[in-house]
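Chain IDs A, B, C, D and E follow the sequence of writing; residue 1 opens each chain.
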């Protein structure tokens, strides 16, 4: 049964809005039940573990505690890479050391067993059941659109905690998004970092990280980049124009969430997946692909 | 019981008359009604002394070891457990099958507490069967006593064995009656090599007890003779029972004396044996 | 032994010449340090160790006994330690059944290149046996046993 | 009563520095049966040994205990010493108070106490020792060399030149191993073919050498001097007695398969010779790729076209058994499969990221590109080349922790060759250290730098393709700044690993390997070409990463060891074998079952028992087969069979002595 | 450049290494971490040099560096390190030690993190608008990313409403408790 506890994360309501509405569309289509954790709090992202070890563990621990009490027995689906990294780090820390667990329970004042597994949305859709449901619903094919699947660093690193086999070039997102008929190019920056955590407080240092992703995607023939995290998506989408302007590059690569492409393949309209909300215009490329493939809505 | 006894006497007489066997090992009644003792009948006319009743508790098989190179065949009245003892001695290469003429006696159990845990009442090997085979007993846990002992704590077991072995007087009766103890010169008698001292203390007794259990453990046919003959009533079967239980758990189900060419568990190995060592 | 000295256990380790004894020598070559309460008795193969030697060691006052050999499969004599494995998997249970603390008897597989493992094993067993204290169960030196 | 002499060695300060040797000697003096106890600075020295001889004479000693270093070091030294004294060499015990006492215990008091215990144990044991005399084993003067790379070839030639028969096995279809794949060899840059092909033809022509290619060892029995070995020779499907090696069949064969010899840079046919100068210079058919043999198609064109009818599709594997006196393991190395370990270097998807051996085939005149360095993707001449060292080596997490020793030198060679053959080429070498530990090695490295190779200290983190170039991202740790070097071709100098099926072979030879699979030598410094099993020697990279000079030196050493063995008609077997006391033996065959060498059998003997003469079965030990493991002694309940040198009585006394 | 003074803050170096569970001698300075680090170009000292400073007991120089604040903790370095040295953990602990003596060589990062945590302490969730606004004010670059505000407003990406956790008191109490715990170690 496709039934999971759901931890959306703070950016889902704001900068991750296109991710949220495409996930909701998708969930309805394939009967994926995402039970939001009631009264969840912020996972702390990169700031908490910069301030202190116990602050970084306390915030996700509270969410785990609520999920265990209110949604027992369900694994937790975490669409945002930063939240996934924080919840997973807390789960592993609590499982590995009883002493950490007791101190965390002291600090948060709630019991935390951390027995639920933490999954990314890709893990959920990548299951046999998930793939079958998506394949059945994705009737409209986006053939001809060459995309570069970008995982970002937090969904796959550190390998010691995520346990991903090939952390340099995983294949999970390719497997899922190709259900929508797109063609995935082979490129080299799948799990390289986009500098998301420093785009605001250290822009000059962080911008080149975004540029090099566009550069490698373009030189390997990608017409669009697909992400699976609100932070990566915002970062690439919002900075593309600025990079073209400031660094004299001419990238014309829209950035889509992999759920947006799946939703469109399942018949969603541009508005239903919020294409108009993108910083870098994303409608034209998709519209032309659909028209060429003769499957326009 | 009595028709077996008459068949036994009649066959013994015929065998002795035809000279097919040199003598017959069986039981005869001893002083008082409820006692028997082993009988060695050489002349046909004495065959009448042979008896078969529920007091025939002595094992007849080990006497074969006292005459390893007989001139002629030796007839032996053998119950289920005796035939397992014969198989034991055959597997250990101590007697030759052609020297033994086995008179198989199906046994419903005699006055011996081991019979409640006997799974082979019918003789496993025989030249003649002196009665219909009886129904085998299966409703018992072969290692009940060992498991019960294992429930006790380490301290309780230590105390129990210390008390038991303080009683041991080292008369070596358990060794002399055991079909698996077939050495020409027992290690305990080799004082020059220095295996076993002559001191008479609980630890020396425990060393003997454990060593003998280890020597026969993986070949014990569970005939219970050691416990029956022990003048101080030591629970010796617990030790060999524990050995057999271990062999069962570690090397797959294991019972001895079922055939004439068995390989003892500790005399062989297989590549994926249990290994809890670091 | 002077009274105020901390009680040190007496531990006998039967070590097979080709693997564990070589590993122990290698530990020496690398100047590794481990507790001094283990005495090594060299045997050509762990399959040379007769379980009666182990009983003898406990009887004469050892507080701990170890039988160490090559990893199954690496035996210099091909099948030696397969027998060691069976003999002492059974003896280990018999000793416990007879009330001897199981930690006093250890069998370990230590190869010729595992010097660190030899040091750590000796340290571990020495600590285990020190915690258990003197062997009073099966030791004819202890007065009350006579 | 025994008259024992105890000699405690100072071993310079090794022992004396860590424990009180005088107190040990004094304590030993008081032990029962000890007639003389002394300590000396170096017992194994000339004077030390003389001290023993004098003490034996003066005090009429009949047995000796030496408290010194490990018996594995000097037991033989002291045994040889006793040979020319009235004391039998086996009336000797050694207490290991150095490796297992002085060197490993910091507390001087505890170390001294332990040393006293160890000496007491040795004295108790030696009291029960008996004089032993060795038996003699015949020696078959025929050697088996496994693996025909340069190590195997050199060993076989040396043994054969010494006049002994040699069988040289090679699992591939031609001898030559990895050396024959190379173009030039360092440090002298002489051409690899020029120095190895003559040796290969010498092997083929040598009267004493039987060459068996496509052959592997099936099973090994017996012991030193008398190894009975079963060899499996794979079916060749070509009758080499008739075939002249004209090569017509190779030109006609339709099958196309990647050539293993050319490191998958080009293809070969199903009937093939791996390379032109192959020895034997006759093709074989590879059953996995021959269409007829797989049953895919009728084909058989090679058979049709062969003028001499040498092709025989019915050929079967042959099993040949023979007896050998000595075995030399020379199975060499293989390069680690780097692709799955290093996805950050492209994981094998970039055809222009190649291994050192692939480069050697490119630059080799008989290689797929006739010596012109052309990059595999588009066969163009690469201008910018990056060489990345330590790929798989010195990497505890992904590869192997050890250093593969030869890559520093051959990467300098590669740099030199590229700069010499491609004018205007730019070579960057990413390194951590450049290790040049041989004669003229450092000078060779200087030349590479003089040729213009740019050495950048830092390990490459990522190789990715961008705008047609392979970008190597590293850090110049000497400047402390990141660098991205664009390259047309990248050469990865990958780690050496042992040959693939080395563990099965070692199991058959009862020799052990280390955790990586390198064959374990008897002693890294003192016996580098011997193994634990007497009569089995080793040479070359099978023992550990090595370059050609060391390999050839080891091959010569191994051959010398074999010749020492063969110089005697029989060898002195160790007297420390089992013996049976027939009075105690009841013939229960417990010992027969546990003997790994089938050295104990039941035999019928005449015996007097109570009623007169009878025949009974007792155990008998074959002195030649028994290796002295003692499994039988431990299995015998009555102690009838016992291992001389480690008898029950000795060990019991040793155990008692510990607990006094 | 002044002469090197080894071990001028060796105790601090050992503490950072111990807290991070790292054996400093594992690192043989091969530079693979710096090579792969996406932020290395804008760092004053390279990640490898950070470990070098700790090896030489010069932790003081490390906690004053900009590098520990520019690290994006993307874990590229530990995943590729041939000796499994957990460099992100070292840097994280260096940041904790720097904060204990109020040091932050890249003040913008410090300010951003403080505002973020204040947000979470007050509302239990991060509020994008307040975070961006307050950061621009405090960091002085008032117009940063202001260009995209109209677009975000028009598409409702950002708006006036505050999304807060009902039991945000529990979150506040929890965070102050955790802060005290962090001060302690």
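General observations
Here, a contact is a pair of C-beta atoms (placed from the backbone, for glycine too) under 8 Å apart; a residue touches a chain by one contact, two chains touch by 3 or more.
No experiment lies behind these values; they were computed from the predicted model shown.
The minimal number of chain-to-chain contact steps leading from chain D to chain E is 1.
Pairs A-E and B-C differ in how many C-beta pairs touch across them, and the larger number is found at A-E. Greatest Cα centroid separation from chain A: this falls to B. Remark: chain B and chain D have CA centroids separated by 53 Å (rounded to whole angstrom).
Note on chain placement: the centre of chain A and the centre of chain B lie 75 Å apart, centres being C-alpha means.
With centres taken as mean Cα positions, chain D sits 31 Å from chain C. Averaged Cα coordinates give chain B a centre that lies 79 Å from the centre of chain E. Residue positions of chain A touching 2 or more other chains: 167. Looking at chain D, one finds that residues 344, 462, 594, 635, 648, 652 touch two or more other chains.
For chain C, the set of residues that touch two or more other chains comprises 51, 56, 73, 79, 83, 87. Taken as a graph of touching chains, this assembly fits none of the simple shapes: it is neither a line, a ring, a star nor a complete graph. Here, these are the chain pairs in contact: A-D, A-E, B-C, B-D, C-D, D-E. Within the complex formed with chain D, the residues of chain E that make contact are 28-37, 40-41, 45-46, 48-49, 76, 80-84. Across the complex, chain A meets chain E through its residues 10-11, 13-15, 17, 39-42, 44-55, 57-59, 62, 103, 106-109, 153-154, 157-160, 167, 192-193, 195-198, 200-206, 208-209, 212, 238, 274, 276-277, 279.
Against chain D, the residues of chain A that register as touching in their complex are 166-169, 186, 188-189, 215-216, 219-220. Chain contact summary for the complex, chain D toward chain E: residues 344, 390, 394-399, 432, 457-462, 473-477, 480-482. Taken together, the chain B residues at the contact with chain D in this complex read 68-69, 92-94, 182-187, 190, 192-195, 215, 263-264, 266-268.
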